[in-house]
Amino acid sequence: MLKQVEKLIIITERIIISKIIEYIESLEIKAYTIYHDVSGQGQRGMRSISGGLSRFGENIRIEIIIEDEEQAVEVAEKIYNKYLSSRYAGIVYLEKIRVVK
Amino acid sequence: MLKQVEKLIIITERIIISKIIEYIESLEIKAYTIYHDVSGQGQRGMRSISGGLSRFGENIRIEIIIEDEEQAVEVAEKIYNKYLSSRYAGIVYLEKIRVVK
Amino acid sequence: MLKQVEKLIIITERIIISKIIEYIESLEIKAYTIYHDVSGQGQRGMRSISGGLSRFGENIRIEIIIEDEEQAVEVAEKIYNKYLSSRYAGIVYLEKIRVVK
Amino acid sequence: MSSLEIAFSNMASPAILFFILGVIAVSVKSDLEIPDSIGSAITLYILISIGLKGGVSVSKTGVQGLIIYALAAVIIGIVITTLVYVIMSKIGFDSSNAGSIAGHYGACSSVTLTSTLVFLQQIGANFEEFVPALYPFMDTAALITAIILGYTGLKKKSTETDKSDYAIKDILRISLTAKSTLLIFGGFLIGLISGVEGTKSLMPFYDNIFKGVFTVFMLDIGLLTGSRLYELKNVRPITFLLAIILPPIHATIAIILATFIGLSPGGATILAALASGASYITAPAVMRDTFPDANPSLALAIALGIIFPFNIILGIPLYYHLAIMISQFIK
Amino acid sequence: MSSLEIAFSNMASPAILFFILGVIAVSVKSDLEIPDSIGSAITLYILISIGLKGGVSVSKTGVQGLIIYALAAVIIGIVITTLVYVIMSKIGFDSSNAGSIAGHYGACSSVTLTSTLVFLQQIGANFEEFVPALYPFMDTAALITAIILGYTGLKKKSTETDKSDYAIKDILRISLTAKSTLLIFGGFLIGLISGVEGTKSLMPFYDNIFKGVFTVFMLDIGLLTGSRLYELKNVRPITFLLAIILPPIHATIAIILATFIGLSPGGATILAALASGASYITAPAVMRDTFPDANPSLALAIALGIIFPFNIILGIPLYYHLAIMISQFIK
Amino acid sequence: MSSLEIAFSNMASPAILFFILGVIAVSVKSDLEIPDSIGSAITLYILISIGLKGGVSVSKTGVQGLIIYALAAVIIGIVITTLVYVIMSKIGFDSSNAGSIAGHYGACSSVTLTSTLVFLQQIGANFEEFVPALYPFMDTAALITAIILGYTGLKKKSTETDKSDYAIKDILRISLTAKSTLLIFGGFLIGLISGVEGTKSLMPFYDNIFKGVFTVFMLDIGLLTGSRLYELKNVRPITFLLAIILPPIHATIAIILATFIGLSPGGATILAALASGASYITAPAVMRDTFPDANPSLALAIALGIIFPFNIILGIPLYYHLAIMISQFIK
């Protein structure tokens, strides 16, 4: 059984991972996947894995599968406004996927 | 030249990686990509990278690009039924992509 | 505000990461995300994380979000032709996503 | 100092303090973490070191007669695991969960083992140096017993397709080729073959810095334990209680058998550590693989959050004291 | 050899040469890299080692009277951070950037500290062994001061929703539970509790191989510094100049206060190292978290690319020389 | 014991036993693995250690006269690589593959080198301590030769666009800045500058625990070798045969030249180890980058699966025996 749902992806600074997770959970989201060992380059400069001295500068990717499209968009915009619009480096986007149930 | 194909994604427990790969290969699939250093949270609790003592608790992501949509759905459902429906933690989904040939 | 854009994904040999990044930047692309700790199997054999002795054999994934579809396709094909068609192992594909602005 | 006094001075040993530091770090939400790969490397180092030193010491006396001890280790593993399985089934766990918990209890804890060795050296107690190398025998026996018991319970539930997953010979292979078995046993054989002379130049690495490296390991275990403590709130009181009652019982079984077959109080204490310790490296992996329906957090939380701290802080000194008493009694 | 001559022989010390090797490796685009996890593990090792050895040494004399030194460390942290904040605001940085830069300057650099310890041992200078354990006091005081100053400047800008992010008690918690605080301080306490006897068996690990491990750390710092050097081209000349003028001033403040409260020239030099060094482990993380609008590269580039090399190559020997002169003067 | 008897006792050395343990672990599908980052760190440690000790030893005698040995290393690298290239072309490999295989054969193996040093120390043989530091000379000469030969062969195929990828000065830069070159050579220079006194405090780390750390490295190489063995089934018999015939030939060339320019049998054996060993760190990376059309698995499987075990088990003792004979003959 396939069901079309939304996948919300957030790529941002590793340093705020616990804040974001806390915020996500406060939005009643109970499931997500986190990818570590991510680096990148954007408007706010190179974000590379920093040679062990501090995890400062590294990115993470959070992936949240949300059934309801409206909710997905809402969550995406909330996270964007709270953390990424002018403060931390990052990008937020949505993809349509079909999940097996 | 772009060609529309299916991308099948499996996020599941690292502990069964070799079983799943064996099973995938038994379905005549010869190409896949594996992402390590993945953690997450779902119905079956937090799956975090466990501090080096055992890889128990960690997730992996397997990505399989399959040309034929029907075959992709079939493989997705087979993997879901065999490993994820009631046994190991995980999620399986499909995405449409356009691959460069 | 959601905006439909293209996400270009390249999975290839870690050994050419600096060449590819240099090439990407020469195409006026200033933003990308890199995933490390990726392994895989394809026509050109198993590409596994090699036990620390050399990073030879390992894959990486580069993800580039590009607003203009035409440009995305062009970049994808250029990279494919320059590096992947007959030389290094890898795969290039595109996905439609909606990015939050 | 009486053996009991000596024993309790254990509580302020640096290794245990580092463990506590780790637990505290998690509870105050520190960003302190030890990378995965470092934890793996230290585990590898410790297992090899234990095996190697055991092998070197046996190379002096020869392997004749060791078979009886290996047999004792196997018997202890089987007995303890069966006991736990029966009790867990009695208090209402289904076959999967009872099997999984029994496997965790029966299998061995390398950190408890190492803590015991450090403790015995600290207080200057003698022990037969081959005893740590009995680890894989007890560990494997326990895991296989747990799997067989769990299967027997699940027999009716298992479907045709699942059959291949449950082949006993696969399980045997997994246990025998598990990282910890291979490293302790491999180290043992290498020590045995190379002897004192052949391994002398390795000892600055595998021996001199051992206790220092071990403190980092204990810090890591402390971090892991701290991150699992919250799961204890879901543990039923009876399960909790059993986690404090069973280890000393297991230790006592081991000490009696050990003393009976001629081990010194030190050696018996090591066997007691293997018996009473609960595994959180091999067992979670093997049990997860075998009983995917079992709740994996439960057994791990008990092993790390209750049994391990109980053993290293109170248990080991107690078992040593007990071993002395039993050895005097039997003599 | 005069103290100055001795001092400058520092430049050819293996640790500094490894640092230079790291910088060169990056500048010739070598593929040499030290994995993240190894860097973390070495940091952990060094911080524990510094704390532990401090604690062991204090266990001989007792903790009475240490409070005055801890207080001095706190005062130095506050004074330096305030000084830098005021200067940076004067030369045109906004509150966020001034706060961030002040935090980097005020907080401490564990590598500068270690370099100083190695230097003092090399030349055979005496020092009070508890001084390195003052690190967390100065570090925390500096970070909190920077945050308070920065906030005060930002007051009008901060909106309702952001309030929770700026709670002073959160910041205090983050500073006090930061990896480096916990490890140095935890190590200190463990050393204090366990004493010389209890930690003797750990010293082959935490002491004998220390200087060797430290060279790998310096190589890592060299690689990191090399990869940040290009950012220096964006640094304004005035900022650049200040990065060379301020550390000796901070050191002088620390030395005067240290000598005044009775520290030996060696001890005063260590306090000077804590004062003059700029943080690139704690501070970047804490400051990034607190002042997301500040340019994170700027402060880091200054700390690593200017202050650190200046201090380890020229600064430390100079500060030691200065400490001797001031101590003679005060006596 | 004759030198031959002594030699063959090598087979039971702990290092080789750890290598075998690694191979066995893979073949029984154990879950034993050594994390990437640990492997990298150990490689780094070993390369620095080799360079450093070489540099320290040369600091006693001075660098005068070393140039002749460096030159000999370069010549051996060129000769061997050319020889292999010609042979591989003869037996039907295209330019890419012949170039890639020649590069692997010609470049050096740090593990073979270290095994040799451990072996010589074990049997108490003398050797000139600067010889290991010739590694980068032979390695770089071999890689560059392989690339030039391969290019010349490919000349007609290479298109306009690819030109930049094939610039000889890029290749020279890559070889000279490669991790292994930089570490051995950097370590050498640091040892040379700092001398015995300056590095004494580093030796507990870089020397005392060296042989122990090396066993972990050998375990890692064993795991890697085990995971590549299956690729040997695709190797043609002639290629297989050559992998056993060529190393002794290369060693003989090196020994004759070495003895001729005045090296002791021990020193000549080290040069033979550099010559006969096949690279699986530098060469795979450089060759993959240069000849993307070549089959990367082939050369690696030969290097790891045939040449390496042959050398460490049989080769090294043989070469040492040969070096003694040749030195007696020449005298």
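For reference, chains read A, B, C, D, E and F in written order, and residue numbers begin at 1 within each chain.
Here is the rule we go by: contacts are C-beta pairs under 8 Å (C-beta built on N, C-alpha and C of every residue); 3 or more make two chains touch, one makes a residue touch a chain.
Bear in mind the structure is a predicted one, so any value in this text is a computation, not a measurement.
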### Message
Are the interface residues of chain E and chain F largely the same numbers on each copy, more than half shared, or largely different?
### Response
different
### Message
Can you tell me which chain lies farthest from chain C, using the average of the Cα atoms as each chain's centre?
### Response
D
### Query
So which chain is farthest from chain E, going by the mean of the CA atoms in each chain?
B
### Query
CA centre of chain C versus CA centre of chain F: separation in Å?
34
### Summary
Distance between the CA centroids of chain C and chain E (whole Å) is 40
#### Entry: Centre distance in Å when chain B and chain E are each reduced to the mean of their C-alpha atoms
46
### Task
State, to the nearest whole Å, the distance from the C-alpha centre of chain A to the C-alpha centre of chain C.
20
## Note on the structure
Flagged in chain E as touching 2+ other chains are 33-38, 40-41, 204, 208-209, 285
### Of all residues in chain B, the ones touching two or more other chains
35-37, 49, 95
#### Entry: In the complex, chain B residues that touch chain D
13, 15-16, 19, 45, 48-57, 82, 86-88
### Query
Any idea which chain E residues touch chain A in the complex?
33-43, 161, 165, 220-221, 223-224, 227, 280-281, 284-285, 288-289, 292-293, 296-297, 300
### Query
Which positions of chain C touch chain A when the two form their complex?
1-2, 5, 7, 30-37, 65, 95-100
## Note on the structure
Per the touch rule, the chain E residues reaching chain F in their complex are 12-14, 17-18, 21, 24-25, 28-38, 121-122, 204, 208-213, 215-216
### Task
Name, in rising order, each residue of chain D that touches chain F in their complex.
35-38, 40-41, 44-45, 48, 173, 176-179, 182-183, 186, 189-190, 193-194, 198-199, 201-206, 208-209, 285
